[in-house]
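Each chain gets a letter, A, B, C and D, in the order it is written, and its residues are counted from 1.
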Amino acid sequence: MLRFGVLGAGRIGKMHAANLAAASTARLVAVADAIPEAAEAVAEATNAKAQSADEVIANPEVDAVLIASPTDTHADFIEQAVRAGKAVLCEKPVDLSSDRIAQCLEVVDAAGQPLMIAFNRRFDPNFAELKRRLDDGVVGDLETVTIVSRDPAPPSISYVERSGGLYRDMMIHDFDLARFFLGEEPVEVHAIGSVLVEPAIGEAGDVDTAMVMLRTASGKLCQISCSRRATYGYDQRVELHGAGGMLRAGNVLESTVEVATGTGFSFDPTLNFFIERYTDAYRLEIDAFVDAVESGKPPSPSGYDGLMAQRLADAASTARETGQPVRLD
Amino acid sequence: MLRFGVLGAGRIGKMHAANLAAASTARLVAVADAIPEAAEAVAEATNAKAQSADEVIANPEVDAVLIASPTDTHADFIEQAVRAGKAVLCEKPVDLSSDRIAQCLEVVDAAGQPLMIAFNRRFDPNFAELKRRLDDGVVGDLETVTIVSRDPAPPSISYVERSGGLYRDMMIHDFDLARFFLGEEPVEVHAIGSVLVEPAIGEAGDVDTAMVMLRTASGKLCQISCSRRATYGYDQRVELHGAGGMLRAGNVLESTVEVATGTGFSFDPTLNFFIERYTDAYRLEIDAFVDAVESGKPPSPSGYDGLMAQRLADAASTARETGQPVRLD
Amino acid sequence: MLRFGVLGAGRIGKMHAANLAAASTARLVAVADAIPEAAEAVAEATNAKAQSADEVIANPEVDAVLIASPTDTHADFIEQAVRAGKAVLCEKPVDLSSDRIAQCLEVVDAAGQPLMIAFNRRFDPNFAELKRRLDDGVVGDLETVTIVSRDPAPPSISYVERSGGLYRDMMIHDFDLARFFLGEEPVEVHAIGSVLVEPAIGEAGDVDTAMVMLRTASGKLCQISCSRRATYGYDQRVELHGAGGMLRAGNVLESTVEVATGTGFSFDPTLNFFIERYTDAYRLEIDAFVDAVESGKPPSPSGYDGLMAQRLADAASTARETGQPVRLD
Amino acid sequence: MLRFGVLGAGRIGKMHAANLAAASTARLVAVADAIPEAAEAVAEATNAKAQSADEVIANPEVDAVLIASPTDTHADFIEQAVRAGKAVLCEKPVDLSSDRIAQCLEVVDAAGQPLMIAFNRRFDPNFAELKRRLDDGVVGDLETVTIVSRDPAPPSISYVERSGGLYRDMMIHDFDLARFFLGEEPVEVHAIGSVLVEPAIGEAGDVDTAMVMLRTASGKLCQISCSRRATYGYDQRVELHGAGGMLRAGNVLESTVEVATGTGFSFDPTLNFFIERYTDAYRLEIDAFVDAVESGKPPSPSGYDGLMAQRLADAASTARETGQPVRLD
């Protein structure tokens, strides 16, 4: 039974708090938020305490800190928590600057505390099963990875402006999945992008439609396609092609209902909201973190995974801006 | 190279004539129809001769007669053709009266000529593959058969009036498929039916929506569901459940195109016209007939298969009318 | 916030207790079981009290009693609870005897307390959505209902012996769904059945493979197919055909993973365990009960629904045994 | 009724000859091949004449020449045929050199004869329907195109050596489809490739696994993925994403048979042979050519389409070799 403090009581923090309250392996002790009322509401619903972030991190009844506060606080909270001897589960990204991430990871290493980065998609039962099958050799040696990732609608411009751009904010999940499946580091990044959804995104210096190609040292190829719009719901697909065949994991529809009329057969849209789409993933992510901390195994995805995904996002941003591929070492 | 004469140059006869002209194992020699112009048009398009039915049957260049004329001429033409030493491929049914069929089969037996009944669905690549998998033991011992059969729209009332009723006209295909898959004879027939599509069908003494349950001596169970209406196209499905699993063969859609929009994912209707849906079946049926005649193997489905399907249709008609199940020996 | 007492801490009771503990609209107060240790374990995990059944029913802090004890205690507990002024949510069936159910419903009526029967499948998001679309007129007037229901494996013989038989134990769910979708009462029941899965089931006087046909007064037709075995998982499907098209709701697979190799494309089996398959249904069932009790609307499915499903099961049992259809008024 | 001469009686020429013999709008007059016996066999089967290529082109009974001879003869035969006043339907590519194609197109222009390039996939009913829906605005303005193209197995090394490389030999079909769907010219080509299937392909200077990204002037993005291997059959998919949704056209499976067992649900592989996969496309391609010639409309895909696809293949080959994107004007 691992005892948690949660930093951040917004949409994601609240969801994590509920999962911790329900988990048989975890107990929620305390919640903090910059808006005290938000922390109190969550605390009341889950029978936990509302405290300040400093109090949560210092709380001797807290074994592990789950960080779901705004991005620009992540690295500082991680450092403060590991120095206080806490295990940390931190929402992605650690920081928008790879250098700051690298610096933070040194502090984590020095403290010797476990840190896991919440790349939730690795824990989605579909993608996790895909990885198991791949590792089981069901399709032999992997040759190509294809990832499609489309959000139902673009975020607000104010969000876009402080997001670090599509590659760092949205495609970073796909970079993490690419590394997860490729099993080796990409050494070459090609990127193209356009503003087709929302002109204001272009005015903010970002793109809303983007494609990337990656190549690993051994010659595996990967392509990623992202869009800030998809009328039919949240679209998240992975296709792996290997010497022995193909593996795919697709979307989850709202129901299994099928309608046949004069215009043909129709099915529901995909689940439209990421918290609903990844309900199981968020729950299983906590199980994996608790398991790692309690067993002493290194948590995965690690801080290093967070750093490497960020470096790919940096490379893709540069490649898109310069029109030239970026090589990585 | 088997040489054919075709009796009947209507919709089905024309289609068979084109298939014979294209088949590498068959040659179309002559065509007859009660309307001479119809026969002539088909003959011209296929480089064959237009003759009277008597001439076709007597034609020494004709090895085999394909009968696609109106139902009430089938039994007579079969008898005339086998007496003239021809092999016969006859559209279903041989006759609306089981007694007349039995009598006709005696003539065929006496003549020693091969007779095949054109239950085309057995040759559909999907249903044929289903049977192969069943016989290969893919799902172990068969336990239940479920057949769904829906026409896009009801036929004309004048057709309904001389059709013998839904069980003899439409469900007879499903009775044949049921026997094909069950591999043993049903001994018990339960039937219910309603008039839900077209009141005039009820006024003609028939039903347009019908269900049947069959039981074989060894206890295998079968259910059949028919409707004279399906807005989404021709609907023809078979599901086999056995000790080791389930086998299904489904519909064929107009294309593989899929559309995803705000209302979800949609696919094309099923192929809407039986000649289009069973294009391959009609072609493969002729191959099977030619192969049987040339190799001397008994053709399948046989005249006996035609008789037994008719007897099930008779039993179902009675069961529906009396509200009591009918036992067969 | 409705306060619950749960009777029964077995597999189903435990699951309901966890759902009550997690629900934002319900609070779990007390749990009883014939085996006190079972009640205590559940109470501890959910922060509730372990009490005797009598204590739970008498507990002034309990507003509603959820009955998940053995079938032969249901009717008595219902009567005791409504007399104590509690609302009741009772697992199906109320009793194996329709007469006993009718008698119990009179007590409920006299007490004026709400009673809901836990036909969980009506709350499955897929079947519930199917009903909504039907009611919205998406396929026009309903003509036929087809229900397939297969369990992964037969229960123990000792269970079979006290189950009331396949029609009362297993197909009762399908009878309830049939009534749910048909929207009117069946007046005619045809049934056939066989022992194909487990000879000992036949020795116990029951069948393990069964089909039923129903007809309503207005002529709607329904067919149900049940098997005590399905190697590919729990198989639960409903197909509705109407004047304007077809509606279907299918199975839920273990994941969306698809594998393509030389033998073709393959997908996961269906969810194999009913508690897993109907996770959402059990949760939504409690929401619906709480909503009915708090709003004063009559709960649905009602005690009457429980009685009518039982009467269909009785009729089907008789029809199968006598080989003759049973008419209902 | 357009009268055809066919040059080339190999696998593709034979198939075209059979389609011409069966088409109601075309007549096959003469066939030529470098191996006279090959031409004679086809002529006999189709009731046509075997002639030399020169005789076919000079034959006054021939209105149109279908060129299915080896690639290095295409440009010369096109020039000879149009100078002889024939309409021409030529298998792709016109030539491996874009300059030679441009030169040949000048001769065609000067002769004023219609020339159609046989990019058969445009006529596949699935891809053609995809284009119709796109043009109908079903998904609004197009944003991205994703094409997957995998052959069941690599060709012989001797074929690879004279093929012009994967981009010119295999991906050229995908470049044509990309242009077909994008509706505007790509201005930027990024390419990566690897040797993962067959080392000898690498020794021949080619790749067997390749990805490309294209960008048009207006910012539409396209990605293409090719592999010389797919264990599950011929894999040909197109996905179009637009402001209003997504359109996809997928593979065609060998049958609709589905098997459910303890390991899950399985379906057939895709049609494994391109002539079988594109049966309808080859037939419809001839209909379109005949229609264009007889109506005087410019044939599509045109010689210019052939040239532009080749230029994209040239650009991709260069981009892959240099590691730098290629800009086109």
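The rule is short, and it goes like this: a contact is a pair of C-beta atoms (placed from the backbone, for glycine too) under 8 Å apart; a residue touches a chain by one contact, two chains touch by 3 or more.
Computed from a predicted structure; not experimentally measured.
Comparing mean CA positions across the assembly, the chain most remote from chain A is B.
Between the chain pairs B-C and C-D, more C-beta pairs are in contact across B-C.
With centres defined as mean CA coordinates, chain D is found 57 Å away from chain C. The geometric centre of chain B is 41 Å away from that of chain C, both derived from CA atoms. Multi-chain contact residues of chain A (touching two or more other chains): 230-232, 244-246, 254, 260-262, 268. Those residues of chain D that touch chain B in the complex are listed here as 22, 24, 45, 125-126, 129-130, 133, 138-139, 244-252, 254-262, 268. The part of chain B that touches chain C in the complex is made up of residues 141, 143-144, 146, 148, 150, 188, 190, 192-197, 209-211, 213, 215, 219-221, 223, 225, 227, 229-232, 235, 241, 243-246, 323-325. The part of chain D that touches chain C in the complex is made up of residues 231-232, 253-254, 260-269.
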